[in-house]
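Notes follow once the structure below has been shown.
In order of appearance the chains are A, B, C, D, E and F, and numbering begins at 1 in each one.
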Amino acid sequence: MNNRLTAFGEFLLRLHCSDDKRFLQSTGFTPWYAGAEANLCVLLARLGIQTQYITRVPENDLAAAGIHQLKGHGVGTDHILYGGHKLGLYFTETGNFIRSTRVIYDRAGSAFTELEPGMINWDKVLEGQQYFHWTGVAAAVSASAAEVCGEGIRAAQQKNMTISADFNYRATLWQYGKSPAEVMPALLQPSHVAVADLDALKVYFNIRTDETLSWQDKFISACNQLKTYMPHLRTLGMSFRLPEGDNLLYTGAIMHNGQPYFSDLKVAMPPVKEPIGTGDAFTAGMLFELINQASPQQIINFAAACGVLKQSIPGDWALISKEEINALIAGGISGRVSR
Amino acid sequence: MNNRLTAFGEFLLRLHCSDDKRFLQSTGFTPWYAGAEANLCVLLARLGIQTQYITRVPENDLAAAGIHQLKGHGVGTDHILYGGHKLGLYFTETGNFIRSTRVIYDRAGSAFTELEPGMINWDKVLEGQQYFHWTGVAAAVSASAAEVCGEGIRAAQQKNMTISADFNYRATLWQYGKSPAEVMPALLQPSHVAVADLDALKVYFNIRTDETLSWQDKFISACNQLKTYMPHLRTLGMSFRLPEGDNLLYTGAIMHNGQPYFSDLKVAMPPVKEPIGTGDAFTAGMLFELINQASPQQIINFAAACGVLKQSIPGDWALISKEEINALIAGGISGRVSR
Amino acid sequence: MNNRLTAFGEFLLRLHCSDDKRFLQSTGFTPWYAGAEANLCVLLARLGIQTQYITRVPENDLAAAGIHQLKGHGVGTDHILYGGHKLGLYFTETGNFIRSTRVIYDRAGSAFTELEPGMINWDKVLEGQQYFHWTGVAAAVSASAAEVCGEGIRAAQQKNMTISADFNYRATLWQYGKSPAEVMPALLQPSHVAVADLDALKVYFNIRTDETLSWQDKFISACNQLKTYMPHLRTLGMSFRLPEGDNLLYTGAIMHNGQPYFSDLKVAMPPVKEPIGTGDAFTAGMLFELINQASPQQIINFAAACGVLKQSIPGDWALISKEEINALIAGGISGRVSR
Amino acid sequence: MNNRLTAFGEFLLRLHCSDDKRFLQSTGFTPWYAGAEANLCVLLARLGIQTQYITRVPENDLAAAGIHQLKGHGVGTDHILYGGHKLGLYFTETGNFIRSTRVIYDRAGSAFTELEPGMINWDKVLEGQQYFHWTGVAAAVSASAAEVCGEGIRAAQQKNMTISADFNYRATLWQYGKSPAEVMPALLQPSHVAVADLDALKVYFNIRTDETLSWQDKFISACNQLKTYMPHLRTLGMSFRLPEGDNLLYTGAIMHNGQPYFSDLKVAMPPVKEPIGTGDAFTAGMLFELINQASPQQIINFAAACGVLKQSIPGDWALISKEEINALIAGGISGRVSR
Amino acid sequence: MNNRLTAFGEFLLRLHCSDDKRFLQSTGFTPWYAGAEANLCVLLARLGIQTQYITRVPENDLAAAGIHQLKGHGVGTDHILYGGHKLGLYFTETGNFIRSTRVIYDRAGSAFTELEPGMINWDKVLEGQQYFHWTGVAAAVSASAAEVCGEGIRAAQQKNMTISADFNYRATLWQYGKSPAEVMPALLQPSHVAVADLDALKVYFNIRTDETLSWQDKFISACNQLKTYMPHLRTLGMSFRLPEGDNLLYTGAIMHNGQPYFSDLKVAMPPVKEPIGTGDAFTAGMLFELINQASPQQIINFAAACGVLKQSIPGDWALISKEEINALIAGGISGRVSR
Amino acid sequence: MNNRLTAFGEFLLRLHCSDDKRFLQSTGFTPWYAGAEANLCVLLARLGIQTQYITRVPENDLAAAGIHQLKGHGVGTDHILYGGHKLGLYFTETGNFIRSTRVIYDRAGSAFTELEPGMINWDKVLEGQQYFHWTGVAAAVSASAAEVCGEGIRAAQQKNMTISADFNYRATLWQYGKSPAEVMPALLQPSHVAVADLDALKVYFNIRTDETLSWQDKFISACNQLKTYMPHLRTLGMSFRLPEGDNLLYTGAIMHNGQPYFSDLKVAMPPVKEPIGTGDAFTAGMLFELINQASPQQIINFAAACGVLKQSIPGDWALISKEEINALIAGGISGRVSR
């Protein structure tokens, strides 16, 4: 099958304050393994895509416990590099509609940030693969990791693989002396598939949209502007949280071969406690249906449904099934008991 | 007092994924004792009705721990049978407005499903009792349990007891070779009181209602059709979850001596995490006010309030008081602190 | 700086049923330290005010653990009295939009209720302090505690301190033979700043407002009536929960130098699980901006934002920062992730 | 059957620091219901004796939850009095071989301590009962509770019941102005059965034993001295913790009709974490075999085995079975898996 | 490499009472995946052997979560069969030196017990494998599972694989109408490697040893008697718990090519709370060193060290490393901190 | 009073696998704040010494929560520096007598390791202080932290403060290019008080003792050899774990003004689960009695008792009282309940 996908990025251990406490109150931390690209791999592998995950972690039992979980979900881990001394960490406290979810990163000096060009044998790693996926986070954590990311992208180009990128802009990363606008355009240029948001477009490419436009027209305008910078781009996805009364409606759109499609799904989100990983689930859903050559409308519906469902699940991974995704697309939100 | 009620059904241990995790993530299970008829007994006993519970459980400490809890709430357990090797189990994962609550049953081969006709001395067990209650679940788990249920119903008839039945249709049970439509009509025929929903009416009696009708008219139409099948029926209750905007309104109705009554209570449910046991609380509330010979409007209000309140309490049992029920009927939902 | 504030009241250990269980189900209790005046001190100290807390606790490790936490948050504890045998306790079970949060007090006979006049050297304790704060709860728990509260108020008057009082009426306290109306007016009379609600105005001063008025006009009417009883009052705050559709809007108002100001913040509260401590956070926010000589509109906005934010945090203490308060005032509720 | 036993004493909620933390660290409390006499009732009821428990508790859900548990274990609760405002509490932190288990009592002012003579209709309560049991704790908490205890004892005498008493001396109670030596001798005088320890004999009766004697001879000497004070005493039990190397051996003795018997069981205790309730289990075991008219050697073996087994079970109640007790007597300690 | 091992048996979910509570007290269950053969696979896979596990589980998320964990530890799961409706369960409560660990099985009717001959394509499954392992539990749960076990053994014989068997006698299983003595001898006959204990030898083969012999001589005598029944047996292992003072010494022995070897390791076990899985770790350790062609003395030392270390780890799986095993063999028990 | 002590070192957050699980199993982490010097400060502050703690932590809520706890215990935190991006972390899994406690450090790049000379105004910080304490860990984590440590030592010398040092050798730290033998001798040289162990003496000074000597003579020999390197040393303490049968005896010794003293306390440790922080408690106990000018025998008894008691308390801090320490010295280990 032509469904072999390799994703590259940092593997993280998230330590989440238990029992909805704040950092200042915390008496226990719940561990979740994470990382934008790992999150994507887990959902794709669960949906049946043959994914492999490339990262670098130290040889200790904290990393091993996470790799075990990836294996359990069927993600290929054979080419993960071992070395360095630190697993990337991040700490979180639960938010809610009143307060934001808050994150304290502790990733500096991790095994991944200390990746050096040449460490990964990309030629071997990408052998027999059709898709290469990376996100802006991988390029944000260190200059050398960004270089290694570039190595991977070039190797994928040489192998005529489909390259997908999630813009994934995190302002508090990018501490190594270069701005995103210096680094990201070149890395993003060869992508065939991408997921972005309006903020990242501003930061990476200085693309701006008229504030008076509807969200749909902002999307179309942004896509049109992006064309010159990303000439190979065939599909661009974007998710939206639209305020409506006291609620937020979650939905999404794709620009596919120059045509915009908007998801039929517009879900008024209940006060979810787990917003983290939503975007990665959206991206995984979009890639899944792209790989399956589904219709554009089905692609964006599936992606949006993945994003909605993720918000109902604690942790970073969208542990959902095709049946659940399709049920949501077909019937919306219900609140029933499945006995 | 004329308030002695006997309920018959399977006693279950529910194992619920702790901390809102999914089955695939679960690192702990919270135990709740359950069973539609046990749930009903607990609420009725707490409200002051003299209830006894008839079931069959194995002689082990898992069953004993549950029987202890029933005793604690004042449910009569003297005639429970001991034998067999397995307590019925079910596993659940929390749902929410996005995802359904999910159930994995593990009840096959339980002490209750292996009940055989003749095992229960119904004549002795029902001595001095005025009410007999059972639900469709008891007839769904095995042919022999359905037969024993029939024994109980016939014994109750001979003693001129009031018989109440909750239709309680569970599609994933009914594995023993007979369809509900073959079994249920004869068992339900002698009932004086019943609780149903439109799905069960379709499955058990092939009763259908015009989709274009209002929910109130559907209810009236269904009741009218049911008359020929259940000639002794004096009171039929039904609860409803009505979509309204992004909310679900919970309410209920009864047909009592041929007249329909609709609850004054229509509560926009907040995103409850515990839908399980709602129907049993509704039924218990309805029976309680029937036994008290309350007015039809009070009966349906009380029943609906029990159903609403149950959704605010984890576990299968409606651990609520008359004061709380009446406060809800009087004042609706508030969100205050009772100091 | 002129920002030294002393608060006087009972220190409590709250034992809260874990995992949203009811008292009847509880298998664990989460400890929170509490007390209206301690709650206020914690937020003021975190915002930078030099607060000290005067109370009386027994010499045991349950009290010590709470004092440690006060110290941790920067509250002055040097003048706390040690003696007696019991720390005041209260037990709570979580409410939600369906069911009220419930409280069982166990405070009778506590070290604080056994305070006797003369035990506190008010002259020394209030040396160099500019603000004195107390609440109606301190006067409600015992005759002698009410007397000691009066001692403190008189000492504060002699030192020309600003006196602030939270009406804080709790019907189930007040068991010592005097009614609130006999005790509170004299104690409240010297206050310069107060927080009240319409119920307490009725109980303490028999002030009533026309039910047909808007909430704003009720507020103005009540303030006007209160003038004769509290001649020194410069600022009176009140918070409101206004029903709107299926939601409750939280907002607040102050009467400042005779002029009413209404908060710009009107927040539709999501189904919060922690209403306790909201009023104390509101009061702390109001005092903070009064001490800072902020504009009246800023005072009420800040107070209301503190009240809103508190409801997102488990426990009795508003562990929030100036940044979070200002962000809420500026942007309302969002549900974002702060990475 | 002649096995109806009534026990009288204070019902308590114990709040135990979870996860072996100290009071100063505690982030959660595990609730256990307790009270020397309740502990005894639970074991006796589980072993098949018809026990009823007389106490006084407030009408709230904290008390109700405990009463539910007593009912669950088969203890009769029909004559429990409801009133007052406070359930007796005690807080504990886990000890181990290095540090003692520590207790903070919070029982003053409880519903039980406020019992007044005449409140209990002893004549009705003791109707049809053969055994009356009380302990020194009931007389230690307040003058009026001691008087009510005396009422019960006199009523039991008039009905020719067998009276058993556990000396149960707690130095930190006895705060009401009388010393144990003033109160206990008269209350103990009518007892037919008792459990004591050498400390309590000293405090209550000024009975002393020669320090140079073996523990067996101390026991015999103490029993002989006690005769003059307790002329009706037929059976006196005592448990011992004997140091041996780095271990403590647990064992027991009874003086029965003037003859001493020493348990065959001498168990080197592993580092148990739950010493609380050991004495009550010992007493219950002794009473059980006395009621069964077992041989003196069997009585003391059974009592000692109950004491040993209790130390393996968290909480105050000896949730053990006759099978486990007999297996321990027969085979000692093993460490096997019972599959 | 010649280190491909296939193990066949039932996969189980164990639900263990949390916080050292008894069944009667349990307020939470900790899940552990288990099964004698799965336990062995996990340790062997962690040590570097290529293991695959053959079992049958239902298609639900409780089974899937366990399979994920096996994959995580590197156990091959590609040939696991899906079908049936129930995952085998067992419930446990923690024992200690005073009380036994107790087990309640709930395995009847599981997907594994309903295995039928012909369901497993043994020829395909065992392709390229060198070792086949099974235990007495697989033959104990149902007649058809025992037959399927026999199919596997015969297929392994035809492929000239090395067959190893753990006698693993569980008295409470074996409910299907045949005694172990009727079933086990024929199944065990072809084994080249086995682990047994003296009880199982008695039950399966009526082999008895003189009670007056030392444990070493009992071992030798039993091995000699077994020869006639198991003519292909090259290596037999046995572990021992030897009482010594108040301690139990854990050690082991093998008979290898007719020569007895006794482990140098004799460890006084501290009061371990997790005896479950000890035997499976011992067996895995023995097989590992047999596959490695280690010296007999090293084989038994390694096996005994695995058995010792397992007892320090909660759950059924020996999550230990070669380094830890070798450190224990080299240096015994220490109690240090590895920083 | 002359009891002002300043300690300097790294502040750490320890994340400990909950429920005795291994890293590979962990489903929750319990947070403990730590650091050898912080541990010492907490015990000294609790015993009544005026301690202040100098460290550097990032400005985030993880650090703030720990500083709050220090304040709560009375440790002076006014001169703590804020800056950098990372709080030092370490992860632990519980050991026991079978397996070692294991540690994974994650401290590289922490705010403390990035301390630079000149950042701390030692002159101001040490004003009015009499004692300066540091440990080998502070010098092990980075070259610049070691330099800053040297700055502090020199400042303390200039102020004629008493300097105490804990050798505290951690092999896995010391990654910055210098060996301990290059760094430590010069830093240790000015110390008046020290705690060491035989390993550290070997590594830092190449001091060796004859393996055939008794532990007492090894201690004396080592002290004598150390004199030339540490000419100002008046008091050297050392703790010992001596194997005795299956137990380890914990005890200690000091060399004081040239005379050796051995603790009367030799405690057979039960299988403790928390060895961490033992040494710091020993050191704190020794310093406390030195500051109090106790007799040498009392000093070493007190220090050893602190070390023993710490092992009974989870977390890094010895939350013990003078009463508990003295009770242990007086009476040894008991296992009683303190009611």
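To be clear about the criterion, a contact is a pair of C-beta atoms (placed from the backbone, for glycine too) under 8 Å apart; a residue touches a chain by one contact, two chains touch by 3 or more.
Just so it is clear, the structure is predicted and the values come from calculations on it, not from any experiment.
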item: Far-end chain from chain A, centres as C-alpha averages; value: D
item: Copies chain B and chain D touch via same or different residues, half shared test; value: same
item: Euclidean distance of C-alpha centroids - chain C vs chain F, Å; value: 43
item: Gap in Å, rounded to a whole number, between the CA centres of chain D and chain A; value: 62
item: Of all residues in chain A, the ones touching two or more other chains; value: 18, 22, 24-25, 27-28, 30, 68, 102, 269, 271-272
item: Residue ranges of chain B in contact with chain C within the complex; value: 18, 30, 247, 267-272, 308-309, 311-315, 319, 324, 328, 333-339
item: Footprint of chain B on chain C - complex, ascending; value: 19-22, 24-25, 95-103, 105, 170-172, 241, 246, 248, 269, 271-272, 275-276
item: Touch list for chain F against partner chain C, complex; value: 67-74
item: Chain C-facing residues of chain D, complex; value: 15, 18, 22-31, 60-62, 64-65, 68, 85-87, 89, 91, 93, 102, 104, 106, 108-109
